[in-house]
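Each of the next two complexes has chain A plus one more chain, namely chain B in the first and chain C in the second.
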Partner chain A sequence: MNYNILKHLTLLLTHTGLLLLFAPFIHSYIKKIKAMMQGRIGPPILQGYYDLIKYFHKETVASNQTSWLFSITPFIVFSTTLAAGLLIPTFTSEEFIVSLGGIILFIYLFGLGRFFMTSSACEPGSSFCSMASSREMMFATLIEPVMLLPLFVFVCMYGTNNICETVNQLASKGVALYTPTYILSIIAIFIASLAEMCRIPFDNQETHYELTMVHEGMLLEYSGKQLGIMFFSGWLKQLIIISLIANLLFPLYTMPGFTFASLCFAVIIYLLKVLIVSTFIVFIETIVAKVRLFRVRDILMTSFIMSIIALVISVYKGKGLGV
Partner chain B sequence: MNVTLTQFILDHNHESLSSYLVGVVLLVSILMSGCHRIETMIRFFAIQSLSLILIMFIAGVVNHNPHILIISTIIFVGKCILIPTILMFVLKQIQINREIETYVALPVSMLLNCTLTALIFAIIPNIGIEKELHVLSSGLLSTSISVILIGLFIMMTRKKALVQIIGLYVMENGIFALTIDTIFEMPNVVEMGILLDLLIGALVMGVWVYRIRQSFETINVEELTKLRG
Partner chain C sequence: MASLICIKSKSLSIVASNIFAIIASTLSLISSVFSLINQHSYTLDYLVGFPFGKLELTIDPLSAFFVFMISLLVIPVSIYSIGYLKSEYLEKNIGLLCTLYHLFILSMLFVVLSGNGFQFLIFWELMTLISFAFVIFDIKSTESKNAGFIYLLMTHIGSAFLLLSFLIFGKYTGSFSFSSFHEASNLMPVSLKTVLFLCVLFGFGTKAGIVPLHIWLPQAHPAAPSHISALMSGVMIKTGIYGILRFVFDFLSPFPSWWGVFVVFIGITTAVLGIIFASSEIDIKRILAYSSIENIGVILLSVGASMIFYSFDQTVLATIALVASLFHSLNHSLFKGLLFTCAGSIVSRTHTRNIEKLGGLIKFMPKTAFLFLIGSLAICAFPLFNGFISEWLTFQTLLTLYELKPGFIKLIAPVVASLLGFTSAICAAVFVKTFSGIFLGIPRTHQVHHVKEVSYSMNLGSGILTLLCFLIGVIPFMLFPLLKNAASFIVGLDSSSNGNLQNLLTVNSRFILLGNNNFASISPLAILIVLIAGFFFIYSFSKIYGSKLPVRKEETWSCGVTPKAEFQHTPTGFSQPLKVIFSELHTPESFYHNYIYLPIVNGLISFSHKIKPLQSGVLQIYLLYIFLALILSLAWIKL
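Let's look at the complex of A and B:
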């Protein structure tokens, strides 16, 4: 077998396997650390896996008012999320889907999943589900530009819309990569991705009160295996976004050679980066209170403005701001 | 002056050091225009002044100005300690700490200021000012003009008298940035005069706002059309 194909295949399988394997772990890790910060004991660190096993052993029940859309939505959401996961660098910056749209594809794969999720939430006719899906759509219109604009700043800076290529170029700059443009766009991406991951200033994942639910509210009518898949794709999305931020923040290590030892080392470094970023997210969640629904716009507006300033400064490059 | 600090600034690319500060100035002024807590606005003003003073300090060190430490210390005491303290004291006296009603909604005003900044950054390099004047960096030139206009915007669109005073100080900070950019620093006497002016201004306007609050029970400038004895 050709050595290059073998390498590519190994990397692809490790990449996908890591994402699938660690998504529940990161979710439980965030819950555990958050509980410890609030002085509680919290669920065990493997609770995510226990939950998934429990859901997959249960029977799936759906309302008889629902159509095929309701039953295929979990699979569509899961596959779009996983496809978005192939576009980002994790422990390696090898590209798996070359020349297929880069960041735009990345953002709109999430958009596709969200479209199916919100449409299927309207199907059973539950008022809580419909309310949650209309809120989710409101968030989506705000999140998409705010997610895209800082990534466009990186496109402006490095002339490529491929995230893996961007991270490679960032890694080659060393410590000099922390320019004002970069810092502003990272802050903007971070705020927008908190909204995309449905975390606290925007949406409370741990709420048990249907009126305040946004993301959870759409899953109210799902049960059993379908609910398991929906939860799993939510956690997968969270891990994907965290790895994107981690790799943009610390693009330190790219694998030098292709041996088993270097692969293991790269995976360990990657996991450390992800754990650092998730701990930081927990820290933010602990000190910040959830905002009112209509104040979400203001926070995302701030993030939008930071990315516009970053764009202005990056276009201004070489004209005396010294960026 | 501290020799190691001077060496540090000279060793590193001073342009890249001050470019972070320019970014901070720009960001803080736009955030200020969309801020509804007066206390936060005063803090932002202090941060903005501090970054400008640091830019001036770096420029002075690079140009081997021996008086730069004294001047920047005096301006630091005035703009980052005395004026914010006076404004905070007035704020505590009048017991109003947030502004809800404005002529332009706060997120919209933030967006407008952002557009304004982008326009200025697009226009200023093309009209050739920096060729006429010997400027420190043309990024700082565009930033200072944006800050002046943002200060004007804050004064125009806000209704509370105290916030209008803060808008005036933002404008003054913009002019300060412009002077750093074009002539590195003003003569000491002029700098002292301006600082004294601002301090007395803060005191007088503080008393003025307090008196308005006493007799009208509001600091909303729209209410100041009626005569009261």
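Let's look at the complex of A and C:
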């Protein structure tokens, strides 16, 4: 077989496999570390996998009001999330599928999954599900521009729409990378990502009270395998976003040559980066309280304004504002 | 005009007239495609049969593209209306309705084909009047009458501005022919051009529905029959875009760059406000009308970007931006046609446009539900459907504005692009609300339980539109030669730099590439393959692994009581959080009425009151006026 095709196939399979295998681990890791920070013992580090196995062996019960849409939604949410996962760099920033799409596709694939998830939540006719779905849509309208603007700042600065290419360019800069524009944009992306991942201060994943649930609330009527797939897609999305932040924040890795050793090395570096970012997220979650629903707008607006400042700095850098 | 002949047999006349419409539009579709591919311009003169001179029809790539768009939508809508008219309008004056339908299509075609300013205005007015007739077709309802009045009023104010600009053109060139308008641009001073530009933008903007001139649109579109709403929203408002393109690029170029910035600003305002208004509506056709306003904003964004590029002599980039706007016009006509036809199906079965009274229709009208779902996905610009490709191109053109020198343009480019993302996120919220309100959950009223699926031809009409939305979303490459020819004609890109365009916008059977060093690229087919692969991976995995028990159906959990329809969120409740967080932007219609239109009207009335004493009715005073006028005019001549 052609060496190049073999190489790309190996990279693609490793990439997809890593995302799929590692997603439940990161979820449990975050839970565990958070419990430890709060002085609890917490669930075992492999709890995510146990949960998935449990869900897959349970019987699926669905509401009698539901239709085909409700039962295909988990599959659609999973496939859109996985497709979004193919657009971002993990342990290597080489592109796997040539020109699948860029940042806009990345955001819109999440949007497609969200459309199905929120629609299906309205299917059983439960007040909790439809309320959660309405709130999720409200978050989405705020998250999307706030997520897009800092990414667009990168697009404009580095002249490419491709996330892998952006990370490559960031990597080539070395220490000169840490400009004010870069730092502000990264903070903006991080804030928007917390909301996208349904984390505190925007949404609490561990709440057991239906009225405060947003993301979890939409899954109330799911059970068994369908619930398992929905949870898994959520964890996958979390890992994808963490990987994106990790690679934008530490674009310092290379894969010299294509050998087994270099592959292993790159994967280990990648996992380390992901763990660092996850630990940081736990830190934020521990010290910050969940905000009131309608205060979410203010936090996200702060992030939006931060990226506007980043943009102004990058445009008028060294020119003075009189231009 | 088959419908005139067979007025006697109503159902026969429906079938016959619509088949004639289909045949005619297929012919015009074919001819427009040919003229787009060959890039020829023809002028046809008919010396006889038209008042005030000869009938001058010009087909060039720009008008051919709009003919293509109109014909492409008319075919499925005509198929749809066979079933729709039979179920809805059988006891009304079918012959009149069918004749008007034909005349409406014909007037739209003649508007984009006119090669002469005078004729253009006549057909423009004809188009307005016929659509006015449709708006008031249901003459008994006061709602229709009000809608018709506002529609007529607004479009006539718009037309007055158009007439003004045509007269100024006519004064400078001595002729009403478009070819002479084209040469006039060199003669005029920049200040006059700016006045003309604003007149044209105002005049055509009223038709296109830019905020704050949009107030007629959400009233007129719901009042018309649904197949007409599909045409009005799908193609009629696009004639406004045609007018803006024709005037700005053909007659008024070259122009300063702030015109483009102004259009971008209007575009983003229209897009954001249009969709925020849609979010709190509960009338299905009003939601669609407001979302048309949003899409006009999106189209204007790339028109504005193209104007900015054009004024900086970046004709290749200007062409790409115009490809985006023409493509979005076409796509909007398809998915909006689809949604309006589906809305027509729903209204004809349930007899209500209020989505708060619906719910659970997916079980009673499964085909319509599926078609509406695809339409919603396309209008929210999700991947795999046509809206995504054109919105993606719009995003890219906005981001490419960053390449230009001025800092201000560099600054607005990403901000406007992210606001475009904001509009499409709200659009998703609006259509989740609409789709789930109509089709999902427990039926909110009893009449929903007796609803049946609509007739075959109605679903076929919407089905063709659905298929087109999907095909264009997956293989948009087929359309690019047409779009590129039309766009490069408008900005006057010569064939020598066509190779340059090839480099920037590489389209082949696999993907679209944009920019010199791979600025952006997308591969719709690969997205489809990846999504299908992911879907089947998890589907087969869940079939093979784990529990093999079938899905058990149980009652929805609602804290131990029997679930009722009232427990669900209403569509109003669904959009309430949006209304709260965007309360500053969320201005109701009365805002425009009270703060923009009313002051103008009051001002006019008080002005008339002030000049009323002039008309005292005393003969001597009138004689004095005549005398004064005589002296003044003599003095004028002397000077």
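Following the convention adopted for this analysis, the second predicted complex is superposed on the first by the 314 of 323 C-alpha atoms of A that agree within 3 Å, B and C clash if a C-alpha of one lies under 4 Å from a C-alpha of the other, contacts with A are read in each partner's own complex, and residues count from 1 in each chain.
One rule holds in what follows: contacts are C-beta pairs under 8 Å (C-beta built on N, C-alpha and C of every residue); 3 or more make two chains touch, one makes a residue touch a chain.
This one's a predicted model, so the numbers in the text were calculated from it and none came from an experiment.
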>> Just to be sure I read the superposition right, which of the two partners does A:T60 touch: chain B = first, chain C = second, or both, or neither?
In response: second
>> So in the superposed three-chain picture, is A:K7 touching just chain B, just chain C, both, or none of them (first/second/both/neither)?
In response: neither
> Which partner does A:S126 contact after superposing on A: first (chain B), second (chain C), both, neither?
Replying inline: second
>> Once chain A of both complexes is superposed, is A:I305 in touch with chain B (first), chain C (second), both, or neither?
In response: first
>> By residue count, which of the two partners contacts chain A more extensively, chain B or chain C?
In response: C
> After superposition on the shared chain, which partner residues are touched by A:L184: those of chain B (first), chain C (second), both, or neither?
Replying inline: first
>> On the A-aligned overlay, A:M138 touches which partner chain: chain B = first, chain C = second, or both, or neither?
In response: second
> Thinking of the overlay built on chain A, is A:L149 touched by chain B (first), by chain C (second), by both, or by neither?
Replying inline: second
> Looking at the overlay, what does A:R297 touch: chain B (first), chain C (second), both, or neither?
Replying inline: both
> Hey, what residues of chain A end up touching chain B and chain C alike?
Replying inline: 297, 308, 312, 315-316, 319, 323
> Which chain A residues qualify as touching chain B in the complex?
Replying inline: 179-181, 183-184, 297-298, 301-302, 305-306, 308-309, 312-313, 315-316, 319-323
> Quick one: in the complex, what on chain A touches chain C?
Replying inline: 56-67, 69, 71, 74-76, 78-80, 82-83, 86, 97-102, 104-105, 107-109, 111-112, 114-115, 118-120, 122-127, 130-131, 133-135, 137-138, 140-146, 148-149, 152-153, 155-156, 159-162, 165, 220-221, 224-225, 228-229, 293-294, 297, 304, 308, 311-312, 315-316, 319, 323
> Tell me, which parts of chain C touch chain A in their complex?
Replying inline: 359-360, 362-363, 366, 373, 376-377, 380-384, 388, 392, 395-396, 399, 402, 407, 410-411, 413-415, 417-419, 421-422, 424-426, 428-429, 431-433, 435-437, 440-442, 511, 513, 515, 517-523, 526-527, 530-535, 537-539, 542, 545-547, 549, 551-558, 563, 565, 567-569, 573-578, 580-581
>> With touch defined as at the start, can you tell me which chain B residues reach chain A in the complex?
In response: 13, 15-16, 18-20, 22-23, 26-27, 30-31, 34, 106-107, 110-111, 114, 117-118, 121, 125, 130, 135, 137-140, 142
